[in-house]
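Chain IDs A, B, C, D and E follow the sequence of writing; residue 1 opens each chain.
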Amino acid sequence: MLKCSLDKINSVFEEIAKTAKLYIPADDKDGSAVYKQWENGIEWSSSLNTVRSPKDFFLPQMENLMEFKTEGKNIEVIDNRCETEDFVIFGVRACDVKSFEVLDRVFLSEPVDSYYASRREKGVIVSTACSKPSETCFCKTFGISPEEPEGDVTTWKTEDEIFFKANTSKGEALLEKLSAYTEECDETVVTEQKEKISAIMAKLPLKDLKTDAFGGGKTEEFFNNPVWEELSGSCLGCGTCTFVCPTCQCYDIKDFNTGKGVIRFRCWDSCMYSEFTKMAHGNNRITQKERFRQRFMHKLVYYPENNDGMFSCVGCGRCLSKCPISMNIVKVMKKIGDVDA
Amino acid sequence: MQVNEHKPLIVAFCCNWCSYAGADLAGNNRLNYPADVKIIRVPCSCRVNPMFVLRAFQRGADGVIICGCHPGDCHYTSGNYYTRRRMAALFSMLDFLGIERERTRLEWVSAAEGAKFAATMNDFVEKVTALGENKRLEDLRCKR
Amino acid sequence: MENNKYLREEIIRESGVNPKKCMKCGKCSATCPAYDEMEYHPHQFVSMVESGDIMPLLNSESLYKCLSCFACIERCPRGVEPAKLVEAVRLSAIRKQGENRMTANDVPALLDEEIPQQLLVSAFRKYSK
Amino acid sequence: MQRVGVFVCWCGSNIAGTVDVEAVSEALKNEPGVVFSTNYQYMCSQAGQDMIKEAVKEHNLTGIVVCSCSPRMHEATFRKTAAAAGLNPYMVEIANIREQCSWVHKDIPTGTEKAIILGKAAVAKVNLNTPLTPGESPVTKRALVIGGGIAGIQTALDIADAGFPVDIVEKKPTIGGKMAQLDKTFPTLDCAACILTPKMVDVAQNENIRIFSYSEVSEIKGFVGNFDVTIKKNARFVKEDICTGCGACVEKCPMKRVPNEFNLGMDNRSAIYIPFAQAVPKVATIDPNSCNMLKNGKCGLCAKVCAAGAIDYTQKDEYINEKYGAIVVATGFNPISMDKFDEFSYNQSKDVITSLEFERLTNAAGPTAGHLERPSDGKSPKTIVFVQCVGSRCDACAEKGKEYCSKICCMYTAKHAMLVRDKYPDTEVYVFYIDVRTPGKNFDEFYRRAVEEYGVKYVKGMVGKVTPEGDKLKVQASDLIEGKQLHIDADLVVLAAAIEPDKSARPLATMLTASMDTNDFFTEAHPKLRPVESPTAGVFLSGACQGPKDIPETVSQAGAAASKVIGLLAKDKLTGNPCVAHSNELMCNGCSSCERVCPYGAITYEDKEFRMPDRTTKIRRVAKVNPAVCQGCGACTVACPSGAMDLNGFASNQIMAEVDAICK
Amino acid sequence: MQKITQNQLIEKAASLLSDGTVNAVLGWSRGEFGYDVTPKMFKTEEDLKENFVWNDFCGVNFSKYLVSKTDRFDGKILVFLKPCDTYSFNQLLTEHRFEREKVYAVGIPCEGMVDVIKLKAVTGEGISEIKEDGENLLVTTIYEDAPVKVAFKDVLLERCINCKSKKHVAYDELMGDEGEVIESKRFDEVAKIEAMTPDERFAFWQNELSRCIRCNACRDACPACTCEKCVFDNPQSGVENKAPANSFEEKMFHIIRAYHVAGRCTDCGECSRVCPQNIPLHLLNRKFIKDINEFYGEYQAGAEVGSRAPLVDYTTEDLEPGEVFDRRDIDA
């Protein structure tokens, strides 16, 4: 366990930024936190709850996969990938760290997504224990520990100090670089901090939300539940939930004709969209009800079925706060699972 | 006189009945204007969708000019009146977003105004050249 | 001749009149109450200004025969407004003389029931600098 | 993907002089879809066209790009060529590399580069072309003529002579129009009635012509070949089919002090009246504003004296629906009001009259039985002043008159002056003019005769003012030639008032969706090449509703309009322009934006049942374009936010493909 | 701070349901934290009593829902409309987007709705309960023992601060008093941007629009965006895209979206309310409204049913686009 005074945090950032791109949650003009690349003058936000999730760093909303060029009747294929640079994401919440595992299970299992894998390899995740959760938070529901988040490095922040613990070799290497600013310490303060966090977690309005009703093998139980009709009735189909979600990983691959060639790019897609997985015969999810159902069934039933019972929701609460009409996974779980919370 | 290396790309939408004929007349009279101007024939200036204007900018145009019959002379009686409202609104919006207002223009050129067509194009090209490359409404993917 | 060209432009600019609009119908002269007093008649004013033949106008008594009744302005079918041209030519004449020929104190002495007020006001505007 | 053939024309040296045609055809070979590319000296020549036809066969071409002169020049030619080769004619696109390239650019590299880009744009467009087939619609073989003046009469007679039924709608109780009010006609001095009334009788007797007098058009729907018109027949309170026109009622009517419109209010008529002796139809009409019986139920004399029993005080307005293939507008003109011209004292003195009033004063059937008498005291005028251009050729900002020349005044004033001098040689006649305009066969000779043989005094100069003084009219004017002021004591002043389109024309134009200029004259489809057609298909123009005209011109235009109508009605089916808008029903919201911008009323809505993907059905309001009415302007395509509306031949994706190709 | 109470609305809805006037009620349903209300179709009195909510967070404009709801529901729907919602209601009727007979509209007065972001800026995270107390809100959070007092007026949505009308322009029945059209300062912000230099304007919008994640919330919440198929979802349109590919795409999307609703936008402000990135999208719409008012005379979309939107109308004397700038230069 290492510690460092918060007064020196900017020096720590400077040190990290010397060898890698550093991203930290910083305050945006409207007061909400967003990930910004650190440079002198960018302050670490007191909030860890960023509007967009750190999923962007590994699965950017849009990326060019390759290019084609035609010359006369010939076609030339260009791999325009450039070497991913080292980068560090600092101050990741426990839930968001967990989301990378959800993504890994999709993109790193065979066939491995090399675009994703190279970023995953180059990125170092520094998590921070979440001492100020929002009322929308329910990570505990999914067995996540905000007291001691995962990641290459785990940090705890108190009033005046920050504590570091490396979990991986990548993390150890990073802490090695910071040795000039840190000193060894025992775990007393951190243990205290963990207890504080546990106490706050116990006060959260959604603390009693349970997943017992869900999991693999429940497809038939829920699929034809008439409640989907009612729940989806208010859904606008906008896709905001999927775009702020740290675990939503659907994407579309499209071609863009620049006039000088074709760029094949990948961009996020959303199961909320009417064009989602459209095939030659049309669409197999024809109304918003099916599309709505898909999203939640995927998070709560289909994904666990294929991933050893792991849910693909981490309880980060983003969709709760950003849905234009406040329809969200919590309301769905309560209604569908008839879970009393 | 400042020498500007940048050769602008100008897309001109011309209505079939007046302005396209005006451009033909400019040709008949051998009135020169820069080759940077490329004309697209539309039946009426009211066929020009704001999306076409933006599309041209996206693909690398530095200026877009729409030419139609003089108000009151529209072959379809009222098409250019709609164009006038649509483009007034669109150009004002582009200006609001900080896009240089000289990059867009709406001009009335009759079939008899070959000289006006050439003069308008000369003037427009000169103004757009002075602005340089279109940076504010560009799509980098379409640039070389 | 150069000078006349300048004068012509000045008169046209100051009067705001476009003499090219004249279709030479002569209605201004036909309607002019001072026609018989004039050497050059309103329609000739318009035509002569347009052709830059201004010196004869400057030197003619006709210039001061115009009553500024504006009948010609009212009647002109083309909206040419000859009286405004006459007025502008007068101004040029006065500019050439270059001195202050009327003060506010002179005005009461000149008041006369018969003289249109308009004439007095325009005279004062012109003759005082 | 299309199989496109590119044909680059040299146009002799017109194109080849500034554009390297070989380089162009070579460069375009590599464009997507292009399977054949060549160049030739004159593509439009027979040899050039044969070359295209052969290439179509040999290379199985599905699309053709011709890089040549303006499409306005030879698009039709190459479309025919394509059709002859078995291709759909709309699979041809022209790259204009002459007027818009080789002729305006000087050096070969520039010209060639631009020509290639224009060619690429045309290829990009033709790749997205679809074969288009013009729609067909049937033609109702009946014509409607609105207005029963000489223009309407002549048009109707000519159409009827060709064997097609014609209806004339005239808002007055009789046809005849302004010409019926005239005395003599220039330059031959025929009596107007003598040449007009036989034509009126022809109309009445022609089996193919129906006259709806005292009627108005109240609604027009439909489109070329298929107009659906509602005609409002105003109640005249006399049964038209029974009235014999004997005139007994007119004689007995006690209400005799109604100003007589036909004589421009210079004498009176009775409440029941026949406008003039030769009226067609010769049927009495009761003026409901003056008839005591209709106003307060007291009188009924006319009904008592009518031997035929034609009077019907309970008659109501009647609405008649009829279908027409073509509509001719012949709504004519009126003199403008003289209210704004105080300088001529028209409203102050009865002896200042307009030329049309003068016609009635000299007409044998007029209020003075043809004796020239002053309206104020009935004395013979000894000095008459004619003033030309009253309200014509005015400045647009003056707001008093009209900007245009009324065209007919010079000639009729010469006629009036001449007639006065002929009948009353001791009368002094002055004509004040600005210019005397006499273009026309025997027109200038006529005017010269007025001066040389009849001694009419023509004075160059506009009249400044007319002041009534005692029984004289003091006329002050300036003789611009002699440079002196004239003060004439006149007995009669005649104003050549400007003429303007009839007030009924504007609402009619709205119903027809026909365009008008700012003076409310109907616009012709082309000022030189299509002078008797309105831009709205199936609507034709006859007479002064299109612009000031004298009788010979009106009659010739009337005949021209008739021949156009006959040409239309002779067809069994109309072939439309296939470049029309169409709506994608699946995308249409039915929001009505497109309908609101359509200048032709071509868009309607219908409730349509759709099968939804979830097997339910849904009824939605969707737009439908009538291809026979649509002219293909494309206004709707931009008004439509969802892009459901698109235009054949100029589809959004085609235009965007052109943009992309140009901006490459 | 709403003048009409939740119970009054529940009673009204329940009585209209029970007497058969309507067959369903489109209303707001209770959420987890007091501020997260969700639209819902209520079909029973019990459901209404248990879940219907009316508070300072009922910002959702129901007008748009009527397009899909009337379509899929056989029967008459009761809808509660705030004054600003009634403008959208009329505009949708003008565009024939739903059948008037299928709706029973009850106008309810509105004192403005609360912006949760502004509220949280005062109270911080962790809201567990919100109560009304006179002109204040009492907000309980998990971090503070005592509730935080927040003045209602300080945390209103931007659109409510610049409320343009408290008058209901459409209803079958009105609860409470009729309000007035308000002389609002809603164009001030637009004027401020107009007064900037082009460079500043460009920088302003570049900064705002670059945050767009193209989630389409603005479009999908917009009562003017009711196309069967949006051009941005239609691969055939040539402008379809799912991603904020680059700064051009974002501008294209927002310019065209604003243009498509120009003259039809009632300025209800839903676009800005729902934007997860807090982009002031309403300014684009207001720019068009301001321009239209200045160029072609005052026009309020939805003020009456059947009015002709300015961009599908014209006069022969309209301004030339060039004159627009000349005029602004003179004003400046």
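Of note:
The working rule: contacts are C-beta pairs under 8 Å (C-beta built on N, C-alpha and C of every residue); 3 or more make two chains touch, one makes a residue touch a chain.
All values derive from a computational prediction rather than experimental measurement.
Each step here moves to a touching chain, and the least such steps from chain B to chain D number 1.
Hopping across touching chains, the smallest step count from chain B to chain C is 2.
Considering every other chain in turn, the ones in contact with both chain C and chain E prove to be D.
With centres computed from CA atoms alone, B is the chain lying nearest the middle of all the protein shown.
Set side by side, the interfaces A-E and D-E show unequal numbers of C-beta pairs in contact, with more at A-E. Relative to chain E, the most remote chain by averaged C-alpha coordinates is C. Most remote from chain D, judged by the distance between CA-atom centroids, is A.
Separating the CA-averaged centres of chain A and chain C is a span of 85 Å.
Taking each chain's centre as the average of its CA atoms, chain C and chain D sit 45 Å apart.
Each chain gets one centre point, the mean of its Cα atoms, and the points for chain B and chain E are 36 Å apart.
Work out the mean CA point of chain A and of chain B, and you get 47 Å between them. The multi-chain contact residues of chain C, meaning those touching 2 or more other chains, do not exist; every residue touches at most one other chain.
Residue positions of chain A with contacts to 2 or more other chains are 256, 259-260.
In chain D, the residues that reach two or more other chains under the touch definition are 518, 597, 639, 652, 656, 660, 663-664.
Chain pairs that touch one another: A-B, A-D, A-E, B-D, B-E, C-D, D-E.
Of all residues in chain D, those touching chain A in their complex are 30, 32, 612-614, 660-661, 663-664. Every residue of chain E that touches chain B in the complex is listed here, in rising order: 190, 193-194, 198-206, 231, 238-239, 245-246, 248-249, 251-252, 255-256, 258-259, 262, 284, 287-288, 291-292, 295-296, 310-316, 318-322, 324-325.
Of all residues in chain B, only 50-51, 54-55, 57-58, 71-72, 78, 81-82, 84-101, 104-106, 136-141 touch chain E in the complex they form. Chain C makes touch with chain D in their complex at residues 21, 23-32, 35-36, 41, 43, 71, 74-80. Contact residues of chain E toward chain D in the complex are 71, 94-97, 226-231, 234, 236-238, 260-261, 308-309, 311-313, 316.
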